[in-house]
Amino acid sequence: MSSAWGNKVKISVFGESHGSAIGVVLDGAPAGLKLDMDELMLNMGRRAPGRDKAATQRKEADIPNIISGVLNGTTTGAPICCVIENTNKRSGDYGNLLTKPRPGHADYTGYVRYNGFSDIRGGGHFSGRLTAPIVFAGSICRQALKQNGIEIASHIYSIADIYDEPFEPVEIGHDLINRLNEKSFPLIDTDKEDKMRSVIENARLSGDSVGGIIECCAVGVKPGLGDPMFFGAENVISSVMFGVPAVKGIEFGAGFDMTKMRGSKSNDPFKYENGRVITTTNNNGGILGGITTGMPIIFRAAIKPTPSISQPQSTVDLQSGENATIEIIGRHDPCIASRASVVIESALALALINL
Amino acid sequence: MSSAWGNKVKISVFGESHGSAIGVVLDGAPAGLKLDMDELMLNMGRRAPGRDKAATQRKEADIPNIISGVLNGTTTGAPICCVIENTNKRSGDYGNLLTKPRPGHADYTGYVRYNGFSDIRGGGHFSGRLTAPIVFAGSICRQALKQNGIEIASHIYSIADIYDEPFEPVEIGHDLINRLNEKSFPLIDTDKEDKMRSVIENARLSGDSVGGIIECCAVGVKPGLGDPMFFGAENVISSVMFGVPAVKGIEFGAGFDMTKMRGSKSNDPFKYENGRVITTTNNNGGILGGITTGMPIIFRAAIKPTPSISQPQSTVDLQSGENATIEIIGRHDPCIASRASVVIESALALALINL
Amino acid sequence: MSSAWGNKVKISVFGESHGSAIGVVLDGAPAGLKLDMDELMLNMGRRAPGRDKAATQRKEADIPNIISGVLNGTTTGAPICCVIENTNKRSGDYGNLLTKPRPGHADYTGYVRYNGFSDIRGGGHFSGRLTAPIVFAGSICRQALKQNGIEIASHIYSIADIYDEPFEPVEIGHDLINRLNEKSFPLIDTDKEDKMRSVIENARLSGDSVGGIIECCAVGVKPGLGDPMFFGAENVISSVMFGVPAVKGIEFGAGFDMTKMRGSKSNDPFKYENGRVITTTNNNGGILGGITTGMPIIFRAAIKPTPSISQPQSTVDLQSGENATIEIIGRHDPCIASRASVVIESALALALINL
Amino acid sequence: MSSAWGNKVKISVFGESHGSAIGVVLDGAPAGLKLDMDELMLNMGRRAPGRDKAATQRKEADIPNIISGVLNGTTTGAPICCVIENTNKRSGDYGNLLTKPRPGHADYTGYVRYNGFSDIRGGGHFSGRLTAPIVFAGSICRQALKQNGIEIASHIYSIADIYDEPFEPVEIGHDLINRLNEKSFPLIDTDKEDKMRSVIENARLSGDSVGGIIECCAVGVKPGLGDPMFFGAENVISSVMFGVPAVKGIEFGAGFDMTKMRGSKSNDPFKYENGRVITTTNNNGGILGGITTGMPIIFRAAIKPTPSISQPQSTVDLQSGENATIEIIGRHDPCIASRASVVIESALALALINL
């Protein structure tokens, strides 16, 4: 595994879905940051499942136990370790013998990579539950960024083929940001919530799942951040973003649609506004040549359908060496995309604090 | 800048568009690799402009002068430095005073990032010309990978709204790979070439440019490569890929389209075939949980329209502090996407040798 | 802080002397390693203070609570997090206002580096107590190395001006290694123990402290490990070794004494022995050009006198801005060097597993 | 190989002793630095052999050809590549078959590490000649540091058993620094020069070589630099310093001698002086807990005797598999330590710019 990441500010994520606890060490965060624990717990809650039918039924309190690096509510500059107990893990004995890898999961690849020793219970270290430590660490970075005028928000851009309105790329208002930051199911056009939830519920009822796209932004980022060619803003953001389970694509600004534009349209014209250089469009998503322009950073991350479904699926039996069928009994999370917003925002915070 | 990249095998790219030379140091490549210089020069040529009207008219010989790390045609294990002379640079005196940053380019962000000292002549270190050293270094890695049975290919998936056929995700034949590897303008369905070239030529005639998508694959990759969460195959590939100028998005396997599938469709079923575990579909693009599955690695990179166009554009005058118009005189490259294939392939080779 | 280290196998150390707990995440250790917990606890015990008068009187159980990465006693390949509770921390309220920095400690430099926010209680994250997580992580690496035939040992080379016998550089027997590995106060010539303890006790009685040198070796290391110029064996070993508090120097093989030899003496002649290339002397400490020779790796680390002493010392009062005197009341550890052996061995294990 | 190093400012060293050229890429150096080429050439000259009998007779012009990253004499922020031609390489045909590895050299370990493919001509990439690129890159960093008030100097602390005066640890005057910076054979007590040269000449006449110690300092370093535990000042300095060929030990401040002090002596008392916190002694060499104190950084590096000697030595014949004797004909460099000063200074500059 290499669950450690970062250059200036580093994280080291640990834990398994059905181990005693999960957590993270955040190393290099600035000293003297007074933590807003309410905001941090709000973010932890936005990620946590069990709030409504759109999520898995496993209920976790997700209480972060900060065991180092914070004194009297303020960061000391020393590594911050947070441990989150797994309160809801199944208590019985576990075997750890992988016989039938679940399609779409990392069961098989983890089995090959770790010579059959990876913890397969509930996905082990590959579980979506490991996004909780990312939210914890990212939330702290986010508070540090906020002190420098940088704010982050995201919304559910799509669930299956139901689309929200996109961010207005040139200017994203603080009211919208604040509103999105409070929601577990953040949408620009809240009228889309019923349709999206209905699509998710339909999938759930048929033992199936759906995917979606998260659109995320950062405003207040100064121009001039990023170290091209290979530690530019896009490199760093994508490098951490593909650490979020189920992310299969990322695009900045107009992204893939930009390939259908002509340069005369896709080039963002410069203009002075109140003495500041801005661009009048933002097809480049706030990044040119890997360096921030000062315009909103905007990107979208594609989240595949939750691989856990309740239908019979074709697989192999690694013990018998024969083809087989697997059927997973029990409730499942039909759409991890629907609560990935705060995870994507947190991963962005980790990236930005490293620029 | 941080034009150095890599963990096991590292590159350090240097040079400017109108400096004396460009080049790269490749550090950590395996010793004892007998270089196939014909293949290497074929790749250099596939990238080089000036072959046809689809490219810029600047003709560069792009002769790689290997000055270290290779003895008697074989790698020694010491760093390989390659210097490529800029034979075609303009010889006159240069000022270096950025007055009007070109929209879509890194002129403005480089100016801010480097306090006004960046070399702006022809884009300086941000120039697309800097992809030549990437092709050089990647080609050597590619030869090392080939010895381990790994082959890489790509094709022009789209130019503007003209699409080639996609790769067949489960099995990509060696004949196709070999055919694509020889082409500057690689297509699966060669009937699309005329249409694509016509779109490019139309853009050029109106002083404009177009973008496109490169689809790239690697076959023969063993299962079990990649170090999740943050040094998984997708993290590492995207981290280097966004170092290629003009890349604005990347998606693996079915990518963004996967978000519209249901899990029962997107999960790739496992199956034994000739004693080997395969998947009967490959929506995950050969990567599950950041680890290779043994199926073809498939991804697509979005290349924005060449920002250099010959039309008047709105910008600012950084000296006078006023809004302004810029018009670039001279021939331009109307579609860098059309010769990005070998660059994307080379960057993939650099990523794979680091897994 | 940057308490994270490592390239292939990474550690991230966290905790403060008087916080709730200390610990470490070990990321990238091999999967399938069956942990020998008795040996691991033996190492934890060798480091722990409170065993005899040569150490501080603070008694810590130092029970490592493994909360991830190990299942049924075997490593899974996922990050291993270990938390060690601070059972003996003072329970009263703490201020955190640094007024008088202790000479020789990191109080002042930490104050400057972390803008006055570092946890100063008992040294905070700079405390020698933080060597416990290093021993934990290093002990696991050591068990992995042992499976590959590599064994590590060390002894107290000197305390003040009392010297033990040095390692015989060309061949270090398994009996000696095994004997040293069991001791808290490891010596080649055990007759020196009384003298050394007497020097330490004398210092303690006068409220003072003494330093010493640890000599450490690794045998069974294959030739050909290390990546010069900058990730050679000496670079990597020294890079981690200076993370051990109080280390002020390191020398390999004959080290500083080698500067007084002539080349005809210091050059280690090669010779075939049982079909294997050996050197008949080992002034280079098993490393040539940054790469292991196959001979024992031998180095010495200088450990300065424990900075905590019970005598009045001159310092400054950072609040009043005036010169001041500080006198620390209470028992102190008069010689951290005397129990640094297992820490140095553990740090070496971390280095070797990264070569 | 891993001849790339650095976190913020990176170097990638390339070339072989008898290849066409050697050089370095310096990536991440600040933009806008006006290079003082005279000072840079002075440093190149201080390293270059052939000036007197104390050095090897190979005469190299060592002209650095800067091919990128500098425009109009000023750094642009882009990677700086410097190529230094090997003007004096032997022109005949070369075999590359290692039969008899030279004792004390990396011939044998390089052979094993690179499977017999390493370039053995003149030591290849392991040659002391590769310190020229380090001096080039370090000299640029040094000029950037100087703008921030940091100055570096060193002197030959010892050759064999002849010792110069040590630096006065608490205050090192600018006059001394300036004087040392101009010398190829820098000494505090210049009366020692004759004795040292005589020792070197005696060794040379008997076909032998001697070692020595370089003492190096940096003054003007602000307090508060360094990221403990593992990227503290000592870790970073030692990590790059062991990349200098022939370095076998490093000690900071009083170093190994500190182990013989009592804490009451070795602890450096704090004191206010002109409103600034200083220490009245500097046994810790300007570093406490891995963080700079603001006092002079002082360390010593042990340089082993040049392994190239002209006497017959015992070795093995790797082709025949039998013990053998090797005798190297021709003039040799009897004391690389005597011109290592500027290399050590340059490596320190690389370290400091990364803190």
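Order of writing sets the chain letters: A, B, C and D. Residues in each chain are counted from 1.
What we mean here is this: a residue touches a chain if its C-beta (ideal position, glycine included) is under 8 Å from a C-beta of that chain, and two chains touch if they have at least 3 such contacts.
Since we're looking at a predicted model, the values are computed, not measured.
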Centroid-based (C-alpha) most distant chain relative to chain A: D
Interface sides of chain A and chain B: same vs different residues, half threshold: same
For chain B paired with chain D, centre-to-centre distance based on mean C-alpha positions, whole Å: 38
Cα-centroid distance, chain A relative to chain D, in whole angstrom: 46
Whole-Å gap between the CA centroids of chain A and chain B: 27
Chain D, residues touching no fewer than two other chains: 1-4, 13, 28, 110, 113, 125, 227
Residue ranges of chain C touching chain A (in the complex, touch as defined): 1-4, 10, 12-16, 19-23, 25, 27-28, 31-32, 67-69, 71-72, 74-81, 83, 96, 110, 113-119, 124-125
Chain C residues within the chain D interface of the complex: 1-5, 13, 101-106, 108-110, 112-113, 125-126, 130, 158, 160-161, 203, 207-213, 223-232, 234-236, 238-243, 245, 247-256, 258-264, 266-272, 275, 277, 279-280, 283-285, 287-293, 300, 302-309, 311, 313-316, 318, 321-323, 337
Touch list for chain C against partner chain B, complex: 7, 28, 227
